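Chains: A, B, C, D and E, in written order; residue numbering restarts at 1 for each.
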Amino acid sequence: MQYQETRRTPAEVLAEPVLGSVQTYEQITDRIASIVLTDKIQLGWLVALTIAMSMLGMMGVSLLGLFYWGVGVWGLNNRVDWGFDIINLVWWIGIGHAGTLISAILLIFRQEWRTSINRFAEAMTLFAVACAGIYPTFHTGRPWLDWWLGPVPGVSTGMWPNFRSPLVWDVFAISTYASVSILFWYVGLVPDLATLRDRAKNKYIKVIYGLFALGWRGSAMHWKRYNTAYTILAGLSMPLVFSVHTVISFDFATSQVPGWHVTIFPPYFVAGAVFAGFAMVLTLAIPLRHVYGLQDFITMRHINNMAKIMLATGIFVVYGYFLELFFGWYSGNEYEMALTYNRLFGPYAWSFWALIFCNGVVPQLLWSTRVRSNEVVLFGIANVVSVGMWLERFVIIPVSLTRTFLPASWGWYFPTRWELSLFFGSIGLFLTMFFLFIRVLPMISIFEVRELAHHKMHEH
Amino acid sequence: MAQNEAALRAMLNRLQIISLGVGVIGLGACAVGFTMNSAQFFQSYLMGLMLWVQVSVGCMFILMAHHLAGGKWGGAIQRLLESAIMVFPVLGLLFIPILMGLPVLYEWARPEVRAVDHLIQHKALYLNVPFFAGRAIAFFLFWSVLAYFFNKYSLELDKTGDQEVKNRMKNISGPGLLFFGLSVTFASFDWMMSLEPHWFSSIYGFMFATGASIAAFAFLIIMVNFLLKYEPFASVIEVRQINDYANFLFGAIMTWGYVQLCQGLIIWSGNVAEFTTWYITRISNGWQYIFMFLALFQFFVPFSLLLIWPLKRNIRLVTAVAVLVFIVRVVDLFFLIAPAEVFHHEGLYFHWLDVVACIGVGGIWMAAFSFVLNRKSSFMPLNDKIQLAQEQGHHGAHNRAATHSY
Amino acid sequence: MSAQVFHPSTNSLARTSLLVGALLAAIIPALLAVYIRSDFYSRVRDPLSQPIPFSHERHVAGNGMDCRYCHTSVENAAFAGIPATETCMTCHSQVLAGTTLIQNIQTSWDTDKPIVWTRVNDLPDYVFINHSIHISKGVGCDTCHGPVNQMRLTWREHPLQMEWCLDCHRHPEKFLRPREEVFNMNYQAPADQLALGERLVKEYNVNTSQITSCSTCHR
Amino acid sequence: MAACDAENNIAVVGKEEVMMGREMQWLRIDSYYSGDLDNPTTLSQPVMCQHCEQAPCEVVCPVAATVHSAEGLNDMVYNRCVGTRFCANNCPYKVRHFNFYQYQDTETPIIGLRHNPDVTVRSRGVMEKCSYCVQRINEARIEAKKEARDIRDGEVVTACQQACPTQAIVFGNINDHNSQVYKLKQQSQNYGLLAELNTRPRTTYLTKVTNPKSEIKQGDA
Amino acid sequence: MHAENTQPPVYGLMVEFDTPETLVEATRQAVAAGYKKLDAYSPFPIEEVSDLVSSVRQKFHTLPLLVLGAGITGLATAFLLQWYTSAINFQIFNFWRVIIDGYPINIGGRPLNSWPAFTVVMFELTVLFSAGTAVLGMFGLNGLPLLYHPVFNVERFSLASTERFFLCIEAADSQFNLEKTQKFLEGLKPTNPVEKVMSSEYFSEGLEWAELL
């Protein structure tokens, strides 16, 4: 069962089937479940978790400082009122999109290559949404009053939130997204939790998995309703996932700020989110399949398809940049023109050109099958794209704000160490949750791989 | 029960003659209209032309998506798609009258307006007659060339069965989608958005493409319903494909609603005078009824109908929805074009030319379409059979989606 | 090893705990909402101890004093005014003079240091209320302050939360009385209060859209 | 500006904060230069909250902490503000100022006495801006209502208006067609700052008409 | 301590198969033989089996209808919530100081009933309500959580979540007869002998109504 790395042409590499050389349901189950059920704790995993948790500690410190002193610890000012907080919110939410896309949209389109990547991509979604959630929660001046944004009649004040504000839409969109993602993830997990329950040797572990498996016994009636519910969830998630980044884009597009008030933003943000999301899935999938020997499940076919989706969405994003530039000129509006000029040649021009390099130039390498069949290069490109997508939000959010309408409103923005530490801290939170996840839950959906194997057997 | 291929060919022949007749009469009526009210003629003719450009544009998108993604749904209608895009040269010829009427349609083409309007002076670098005409020619040329090669390679694949040809079509489709999308975007800016040269919306191109995909899917469903009486369509197209087409139409309608909502909400919330004017003319003086009609019949009604999954497996009902949607496409284009200030309609204003132009251009379009389709040696991509068979093997795979699609 | 992990009783246990969880999730916020509005939380009817055991009942109901005798600025100013030691001493230099009851007044008088009363109807600093305008629009003293004439030690009669304020600002007709009855602590609302209120709202030119604007009270 | 600071309890934030771009002033004097670089002509324009009728800041506030009053003011309700700062981003005039830290000393009792008792002292995490001296408006309105009459033109005088030696600032009721401000607004040289954005600012400016070297320039009056 | 004469009731009879195809065939025969209270267990969904079992156990496709209802409820809730709180000056609730009032405020000169802005929350709540109902409804109709179930008493049933396929005919079936049913099941060529599934006197499946839906 050892993965054989022989010299193959790129086309051969990419022609790998979606399921490698695993033969029986038992083998499939064992390969995936044993990662979780083993008693051994690998040293590498422990080291990685420790690093991640120390970064998480950094987040704790950053949040405490923020809470104690106020938003003033950040580099914001009266011209640029949003900086790292909202950049990272959008960045993390965007990363989350790939998970839902893989699990819902590819299901609707009957793409069998979703099967072995959906679970950890969904987990990634949840953790990314959790990271994203930290920013809007703590970026407010008085975070202890955040619940005023919810649909509760203000206790004893008789006040309601303003439903015209995109931030209230965000509250609904993000919380719905998080809830539905958790449901989708959990529903997908239940049959696998039952498998773990039945395979675990330790009595307590059996009980814990058993509790969460809810007594799932795989009956035909269960499966019947399960499939209906799963399909409905997928159908609902598809518009939902589009809506989330659309609503995020409304935070900017519905305002009047030059560079924000752009009608192409919704689809362009959605494409960017998928772009960033697949970049992160690749960043995670490429090391994972080697570390845990999952090359039979996450094959080069998967990697290749994800790279292609990155290419397609990346092109749409570039289309967005292009239209922004075109309308910057075509509008004939002096503020739009000034903004475009400022982006291209202003004090923050480096970020724009770096963005074009990361998101516009580098992903074009993906046209080549040779590049798509080389995991190391792909890993590099995926990371460049992650940086690029971060830069995109930097260019849109603070850089637009540094030069708005009146010359007196011109300003600047530099992050302080508090913003940086919170950013790295949130990466720590993400990694901590992810490392715990791969140790505690099956990172590949076992029952769906069995089902896929069943259909593959039928074909031959 | 289904009639054989020969009957289909005979029918297409008849269709070609009848549509040609309709087209000639329609365009003749348009010419009469031109002598009566030339401004109205150009407005209506633009609308009629845009409707059928959208059908062809949508078919081009679908064809390239099919080459990229594969699947039986595309194979079964591949010939229809190929024929629909081969109409581009004809559409290019039909575009010539528009070039004649530029100053009537577009304020920026009037020297006296340009002399006083600073914004138009600024945009003159892009919006000027030679460049506009050059772009239009380039677009139609590019689209026709693309269409030609897709037809040529497809024929080659039929003859030789060389998978290399198949890969070639796939390889063209990737960058093809990119450049085609870009050209459609700018075509929509040129031909429709610049009717109101002071206004702009960067989602306009995407909106046009969405409209095009609705028009194309609606057209294809109507055609499929029609062709199901004949072989080989009767034996190839199953309920599953009908369901697929209905889902695609559903998706296109959802995307249309999404784009409309996004643009509307952004402009409504931003409330910047520069952008709101476009909506203000369209929600006052009777135009608001068109607005509501569109919201109802281009979105809510077909959306709700297509939500009912048993309906999507009934070709008659799906066709009924498609007919409705296709008719409302005309209204949508009317809504985009007619309220433009350049036409000086005080309020909601219909003209018989609006209908006649759609039918006239449509006649010519259908004649060209059926001509190309009838010249195909086979109505199914021959050497894609392997793929079609494979798809059937997948039948069981991921039945969750297949049985209960939403 | 059997596949059975759990005892039959866990079935009921699981369902019950889910049900209880769901109920708690519904009840806890409701309880919280009720608690925040409870008398306990807003200290309604909780007599506060004062430096002097001052009884409004004795002075108003017993001696028949008018509110304005002590709260002099109530008709003209935002603040109703708390009487100075001198006001007290106009009577108490004679009445109860020298008793322990008024010892603190005496001390204040002697040392020339004002008495520090405990505020009963205390609002947050970001809420601004003007007594004079309420009086001129026919809001009775007891509408907000309750039956002060019956209080031995003064308490807060109403929660003074925004919802409570808004209830009157939105529907003043439920509470208004003729201007001349404002200081009548024994005023009984007539049976046709709504009709009367609506008439008074017109007559006194009370503009509800204006008084529900935020800056009316917060600035 | 000093009058405004004193009237409205505006915090003194210190040099470091101003260097960070966090100055705290409700009224800003924008300077525009024209002409020769060495000896430019300076035009100054006081910019405070414009009290837009279609205020971009209000729509985006999630908690309705900045809303219209019945009289058309842009109210800023400090105690409702959570501090998302969206309003400041969306303000085209950038006249909103955020309390990034606890600038005001609320602990020392003696400092409390320094404040105007009619204006809330803002805490950290709260947005603030020019209120047209709403406390003065309220006071005048209450007096007028007690006397069962309308507020007289010129009865409300904002702090900046009071302090301006050239009487360049006029405040009044634009619904009252006899008011000075209404009449001034009817003049042809009246304009709104960034009015093309459709914000419909209530604060408007009068173009300064001068005739140096037969050129027309814009300023304020 | 159980009383010695208390026999734990029999839940049903179970047979095991090693391929999905044999399970499909066995289920088909069992259904053809007129058994109604039967269920098949497999480590992944098998559409044919689900269809066969549901053809005798289930009457309606309830779940999609529930979800549709929930979606409409969500849509209406969202609109009413926003419309009421932003546009209506009317008290619906004033009980013991808990006052629920709309608070129409002029915000940025926008209409009180700003329906374009309300569409976003309407969409989100529609999805939230539908998705929640789909999941809760699925578990509810399946009678989960049900941690203890008699089928788990079968030793080899732990393989049902890995690689083995089981068919169980329940004692509650009107046709059930220990000997006859056992004979019938043996005729299906199972890989292992027919197992008697023992229940517990404390066990009741409850939620029989879900069977009908």
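Operating definition for what follows: a contact is a pair of C-beta atoms (placed from the backbone, for glycine too) under 8 Å apart; a residue touches a chain by one contact, two chains touch by 3 or more.
Not measured: the values here are computed from a predicted model.
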Any chain that touches chain C and chain A: D, E
Of all other chains, the one whose Cα centre sits farthest from chain B: C
Reference chain D; chain at largest CA-centroid distance: E
Maximum inter-chain contact count - chain pair: A-E
Central chain (by mean CA position): A
Centre-of-Cα separation between chain E and chain D, whole angstrom: 62
Inter-centroid spacing, chain B versus chain A (mean Cα positions, whole Å): 35
Distance from chain E to chain A - Cα centre to Cα centre, in angstrom: 31
Contacts with 2+ other chains: residues of chain B: 265, 269-272, 274, 396, 399-400, 403-404
Where chain A touches two or more other chains at once, by residue number: 157-162, 164, 166, 168, 197-198, 210-211, 214-215, 227-228, 232, 239, 250, 254-256
Multi-chain contact residues (two or more partners), chain D: 54, 56, 58-59, 61, 64, 67-68, 70, 80, 197
Listing of all chain pairs that touch each other, if any do: A-B, A-C, A-D, A-E, B-D, B-E, C-D, C-E, D-E
Interface residues, chain B side, partner chain D - complex: 269-274, 276
Interface residues, chain E side, partner chain A - complex: 20, 27, 39-47, 49-54, 57-58, 61, 63-64, 67, 81-82, 85-86, 99-103, 107-108, 110, 114, 117-118, 120-121, 123-125, 127-128, 130-132, 134-135, 137-139, 141-142, 144-149, 151-152, 157-163
Chain B partner contacts - residues on chain E that touch it in the complex: 45, 47, 64, 108, 116-117, 119-120
Touching residues on chain A, where the partner in the complex is chain D: 69-72, 75-82, 139-143, 145-146, 148-149, 157, 159-162, 164-168, 171, 251, 254-257, 401, 404-409, 411-412
Chain D residues within the chain C interface of the complex: 67-71, 73, 75, 77-80, 118-121, 131, 134-135, 138, 142, 145-146, 148
